[in-house]
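Letters A, B, C, D, E and F name the chains as they come in the text, with residue numbers starting at 1 for each one.
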Amino acid sequence: MRNIFLTVLALLALPIIASAEDVLSSGDTAWMLVATAFVMLMTPAGLALFYAGMTRSKNVLNTMGMSLIAFAVGTLVWVVAGYSIAFGDGDLIGTGKIMLVGITDKSLTGTIPELLFVAFQGTFAAIAVAIASGSMIERVKFSTFTIFAALWILVVYAPITHWAWGGGETLNFGEMDFAGGTVVHINAGVAGFVVAMILGKRKDYGKSAIKPFSPIFAVLGAALLWFGWFGFNAGSQVAADGVAGNAFLITNVAASVGVIGWLIAEYIVYKTPTLIGGASGAIAGLVAITPASGSAGVSDAIIIGLVGGVIGFIGVSKLKKIFKVDDSLDAFWIHGLVGIWGSIATAIFIAPYLMADDYDMGAQLISQIKAIVLTIVYSGVVTAIVFYIASMLTGGGRVDAETEQIGLDERVHGEKAMNL
Amino acid sequence: MRNIFLTVLALLALPIIASAEDVLSSGDTAWMLVATAFVMLMTPAGLALFYAGMTRSKNVLNTMGMSLIAFAVGTLVWVVAGYSIAFGDGDLIGTGKIMLVGITDKSLTGTIPELLFVAFQGTFAAIAVAIASGSMIERVKFSTFTIFAALWILVVYAPITHWAWGGGETLNFGEMDFAGGTVVHINAGVAGFVVAMILGKRKDYGKSAIKPFSPIFAVLGAALLWFGWFGFNAGSQVAADGVAGNAFLITNVAASVGVIGWLIAEYIVYKTPTLIGGASGAIAGLVAITPASGSAGVSDAIIIGLVGGVIGFIGVSKLKKIFKVDDSLDAFWIHGLVGIWGSIATAIFIAPYLMADDYDMGAQLISQIKAIVLTIVYSGVVTAIVFYIASMLTGGGRVDAETEQIGLDERVHGEKAMNL
Amino acid sequence: MRNIFLTVLALLALPIIASAEDVLSSGDTAWMLVATAFVMLMTPAGLALFYAGMTRSKNVLNTMGMSLIAFAVGTLVWVVAGYSIAFGDGDLIGTGKIMLVGITDKSLTGTIPELLFVAFQGTFAAIAVAIASGSMIERVKFSTFTIFAALWILVVYAPITHWAWGGGETLNFGEMDFAGGTVVHINAGVAGFVVAMILGKRKDYGKSAIKPFSPIFAVLGAALLWFGWFGFNAGSQVAADGVAGNAFLITNVAASVGVIGWLIAEYIVYKTPTLIGGASGAIAGLVAITPASGSAGVSDAIIIGLVGGVIGFIGVSKLKKIFKVDDSLDAFWIHGLVGIWGSIATAIFIAPYLMADDYDMGAQLISQIKAIVLTIVYSGVVTAIVFYIASMLTGGGRVDAETEQIGLDERVHGEKAMNL
Amino acid sequence: MKKIEAIIKPFKLEDVKDALVEANIEGMTVSEVKGYGRQQGHSELYRGAEYIVEFIPKVKIEIVVSTDEYASLAVDAIKKAAYTGKIGDGKIFVSDISHTVRIRTNEENTEAL
Amino acid sequence: MKKIEAIIKPFKLEDVKDALVEANIEGMTVSEVKGYGRQQGHSELYRGAEYIVEFIPKVKIEIVVSTDEYASLAVDAIKKAAYTGKIGDGKIFVSDISHTVRIRTNEENTEAL
Amino acid sequence: MKKIEAIIKPFKLEDVKDALVEANIEGMTVSEVKGYGRQQGHSELYRGAEYIVEFIPKVKIEIVVSTDEYASLAVDAIKKAAYTGKIGDGKIFVSDISHTVRIRTNEENTEAL
């Protein structure tokens, strides 16, 4: 689209050329309106169901509630200050856009309204903290998590976003992270893991059977996440063009082979391909392709997604046992560990037609590793601090033993998942 | 998009300018195709689940069926005659487009195909009557409701739409109703309330515990409604531009603070933030922002949505007790009452960059109130008449006592919500 | 959109005109990104739930798993070889695009990226084989189905697509099949029926009550299918224009009257309008309109959809008994039989504004019938061969009697649909 | 001590409970069961295929009382409250209990009730 | 009067019901229970973590009959129909019922059955 | 033979099962029931409307043992393991069983247990 304009205009040789880039495109805007809605759906519907389906029946609603409140609180703090920190001017931290001051319906980001870009990016912030909630379920206080979510977006998520995408220079190592492999997934996975360590294990963890409420909801949740992820990845191009089309296709392929990889691994080890495994494999494939979705080709995506699915399975079923941390719904293993794989793979597997002529894989790998390490260290340390503050403000971050035993749904929310 | 064309063309000074407005935009059309699909999803999926999740297990399917049949019947009567009444030529009532006569694939409404505009507006009609069904559940006859839905769209919804949006002059008071605060929400809330009064209370109302089938479905339904509402509000711009971007963002913010407002109020009063409360708060926030979504800014949306959530909670938990009408799923309290708040707030909270230079708040408030009163009176009276006719045609509008006791799912549909 | 460009350019009389068609349109691309996501959602969410909701509780997850694996495996084989067979160059079969060789982010199909077109068409292949799974549930081996799905797409689906849409000449009879009435629905229905015949009946079929797990999920699944079908039908225009708008509207109308037709027929025969009936009616209406969605008008859609709903009901409740084949979820009756009706109706019911001046209905009817017969014969025969191969590779295609009795969820997947 | 087991129609549970409480019987345990008997199940439809539901949802109430008088009070209360006169109203079975304990207090037999 | 309680494998319910009906026993009440016994539960997988399901789904059938002959008829019918020979087939318990009422008709004891 | 029926709080099931197994009682049948008694149900909220849940979820355990000694062992084990001291801890009822069959082996009475 942009091209033909430029052609027409070039032929006319008019002075308007200079600003041609800054014009709203209704096609790009149409796509980004939808992409934003898609990513929105991921949190209160997709992740909420994916997580709720894997929770015990007595805590299903509490788990769902965490995704809902993460989205609500996340959206609010994002427009109040998060966007300013992430996308305002500045090196270490952005400033100047508190309460979106100065942005009007005419302001543009590329070829779309900036207000829409604000909304799009806000959905990323919200889902990041909602992902982390999966590590804390069945024992964290609802109030603690609510405050944690607000603080974490401002103090952990927004700065990391600023360095990767928002104009920060000192802490930007030139990493390739098209749609948030480091910013969202590694970050959220590490944050979840750290909070799970601080909270300690659930009383029943490793003792009695912790049965998932319903794999139906887990699969439905995963399908909605998959659907939303098209907005996440292809939307990160912020335009409806060939790169977005490429991102869309390889996202779909990576999710598919993620399912296949996980189920094959599960079948080999346990002879039982589970539905929760299939759903988890899709998510692992999607996490793995996220940073590479602007640069990989279809054969790259097959490798990235398949390995992603297998690594996810190994993490959840083998490595997790070694670490002895009750990362309840495996936010670290699926988003953190697989995210690291995806981030490294991004530098290795690139479509010829999207590779720069002077591409230097060695240098890029170092950039990726630097960004991964920065994210792990910053997120790890600051998440701990933020969680301690949230706990203090709410008189301890963990529910009492009786509530844990009877269930958070009845005791915290006064409700039951199903009254048959 | 339009602008650059105009610029290019202006520079060329060609006679084509005059008709530039009447040209199809693929970007706008892309957005409206999607927006229409989004609003479609709201009825047989979003509202169906939101309502079904709050119904007792023995009537879940009947409640769901009302949303489904409302959409099916609504879509049919809309293309047959509803669109003609609402958007045909005429002052008090539109005419001339029965069976969409004269409209072809080349007809345009603004920059999109008129046939698409027909579909978009039809989804509004259907959801309006489906919202009203929430007041009647667990006792209204399925046949009565089906006939009621068809008549109501033709006799109540289409005329009100004509006055607000379709070219009616005498009964248009210049009110601001960007996406249907008056047309859809107040209208549907009042209609539901009136039918609930006529039907009378459920036998168990106020006596035994009426437990919601599953808050999971209520939250999922609310999330799908939220998602669809982006099409509802940002789609009402009928273009993919900056105003649509603004509408999208503030819709998301209002829903989020609606959740927060309801949960805080609930926590203060009952110490129990419920999931059904959170879901209801989202809807309240969305209802409140609907009429204002073309004009409010982000700080306005925070106020409108937050107050919307709190008012919704007060309506449902306090005012409802005073009125003693068994508005079973609170269509009036959430759509009617909160809709009135939203309609008034629309005149008060406007973004500077969207406010006309000569904006007169006093005059506008009077317009809003006139439109609210007209809607309440017209909808109140004509809904009652329509419901009496529907009752007569089906031998009474209420199921027999045994059916009410045993449950409509088994007796009317021969099915059960879950066979475990 | 295209028009104004041409106008502008024509006025300028520049040599660029010749290639104007081959330029990417961001509006069309935006729409097709979304349409592809919509169709994707149909399989692991829409169909998975629609089918799972109608399965007995002990086999719900297995049924859901078949839709999931169909989508995963289908997507993979599609990019590896399916797309090449369907849309590569050649008469009887396409070649030359194995692993999408030669396609880059700049390649176009019409005005959209070819990679996006690959993704769009891949979702059709996946849903076709997932539809067929409905005939095999509660007894087919998961491994057999997985291999069957991969082979079937390559050997049955891709060739049929090539003849209808991909450039095949000898076996293209000039049939009108806008969005896949023959290619997807008749094909899948016949394939399901043939496999059901080979597998034999479920042990309990016709003996004990086979209760659907939950009509809630069936209705939700149907609503998601309906939603996705807008991408299926209006997306088949591969552009955001007036024909897409027309396709959207009539798709919605046909689904609605499908609901109405089925429920009325059910009410007349059994006095019980069921929710599963309503959901099935929507699907029947959608199947019926699919081939006609690029050519019918709104009154045509009312006839096509209404009759589609009634035929679906008659097929499932009457004709099925005559045939004595345990087509468990009625893939043949809803997709095959109703698909045949739709394909024939496509030649008969055409909007005046979309009818060619020299349209010859008799000739067209013969084309339709030829294509139907070709599809039934080819799909019938080759599906049987493919299923025998898949059975052989997995040591028989049917689970053992004990697994069938205890349930596939527990025995194959080690999971339970709900742990309350 | 006597145990009374009653199989009743589910929608009568509330009435029966109220009748028992009125008769000063304030402890009971309720479970969902399926009954097979003279009452033919209603037929359900499944995509056009009709089938008979042989097992019909019922509710079982179990009450342990200390004396025969209380037992007949309970039986009478249930009989009246659960009655509709239509087939499938259910049955009441009485049997003996030799020993009772209240877990909270360790009280036994009559005191435990 | 005798009460027969049988704990059986769920998938045998249909067979047992048919056997009882054939033995002219046309009333019964069924409930879903979970059993713990020698039969080891199968192991289930949960995201790679294996655990044993100790409580196994079973079905409990309760039948009250008027005479000892009927009781042994019922026990025999159940024994045969519920048999698979594999561990976990279940148990049958017989006890006494002192009084029976049919709510609909007020008939008592033998007539109520 | 004796049958012990215990109504306990659901979250105590695991503890009670462990206590019984420790007392060498290795067979039991468990079902979900709802209890009505002195324990007032908690109030639930439904869109702002508060209501009392009168029937409280409980678990019923049924154990048949061969001797009176085993019966008192079982009662003791349950009493201890199910105890919280708060209202609603539940009750234990003991009654007689006249006959037992193990379906798999056709063993009867004591051998069947």
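Annotations for the structure displayed:
To be clear about the criterion, a contact is a pair of C-beta atoms (placed from the backbone, for glycine too) under 8 Å apart; a residue touches a chain by one contact, two chains touch by 3 or more.
Fair warning: this is a prediction, and the values are worked out from it, not measured in the lab.
Traced through touching neighbours, the fewest hops from subunit C to subunit F number 2. Of all residue numbers seen at the subunit D-subunit F contact, under half occur in both copies; the interface is built from largely non-matching residues. Averaging C-alpha coordinates per chain places the centre of subunit B 52 Å away from that of subunit F.
Rounded to a whole number, the gap between the C-alpha centres of subunit A and subunit C is 32 angstrom.
Centroid to centroid, with C-alpha atoms defining each point, subunit C and subunit E lie 46 Å apart. Residue positions of subunit E with contacts to 2 or more other chains are 31, 44-45, 54, 95-96. Counting partner chains per residue, subunit A shows two or more touched chains at residues 8, 12, 25-28, 30-31, 34, 211-212, 240, 270, 272, 274, 276, 414-418, 420. Taken in their complex, subunit B has these residues touching subunit D: 208, 405-406, 410, 414-416.
By the touch criterion stated above, subunit E contacts subunit C in their complex at residues 11, 14, 42-45.
Only residues 3, 17, 26-31, 64, 95-104, 106, 112-113 of subunit E touch subunit D when the two sit together in their complex. Across the interface of their complex, subunit A is touched by residues 5, 8-9, 12, 14, 16, 20, 23-31, 33-34, 36-37, 40-41, 44-45, 48-49, 52, 60-61, 64-65, 68-69, 71-76, 79, 99-100, 104-107, 112-116, 118-119, 122, 142, 217, 240, 412-420 of subunit C. Those residues of subunit C that touch subunit B in the complex are listed here as 1-4, 7-8, 11, 25-28, 30-31, 34, 38, 56-57, 211-216, 219-220, 222-224, 226-227, 230-231, 234, 239-246, 248-249, 252-253, 255-257, 259-260, 263, 270, 272-276, 278-279, 282, 298-299, 302, 351, 353-354, 417-418, 420.
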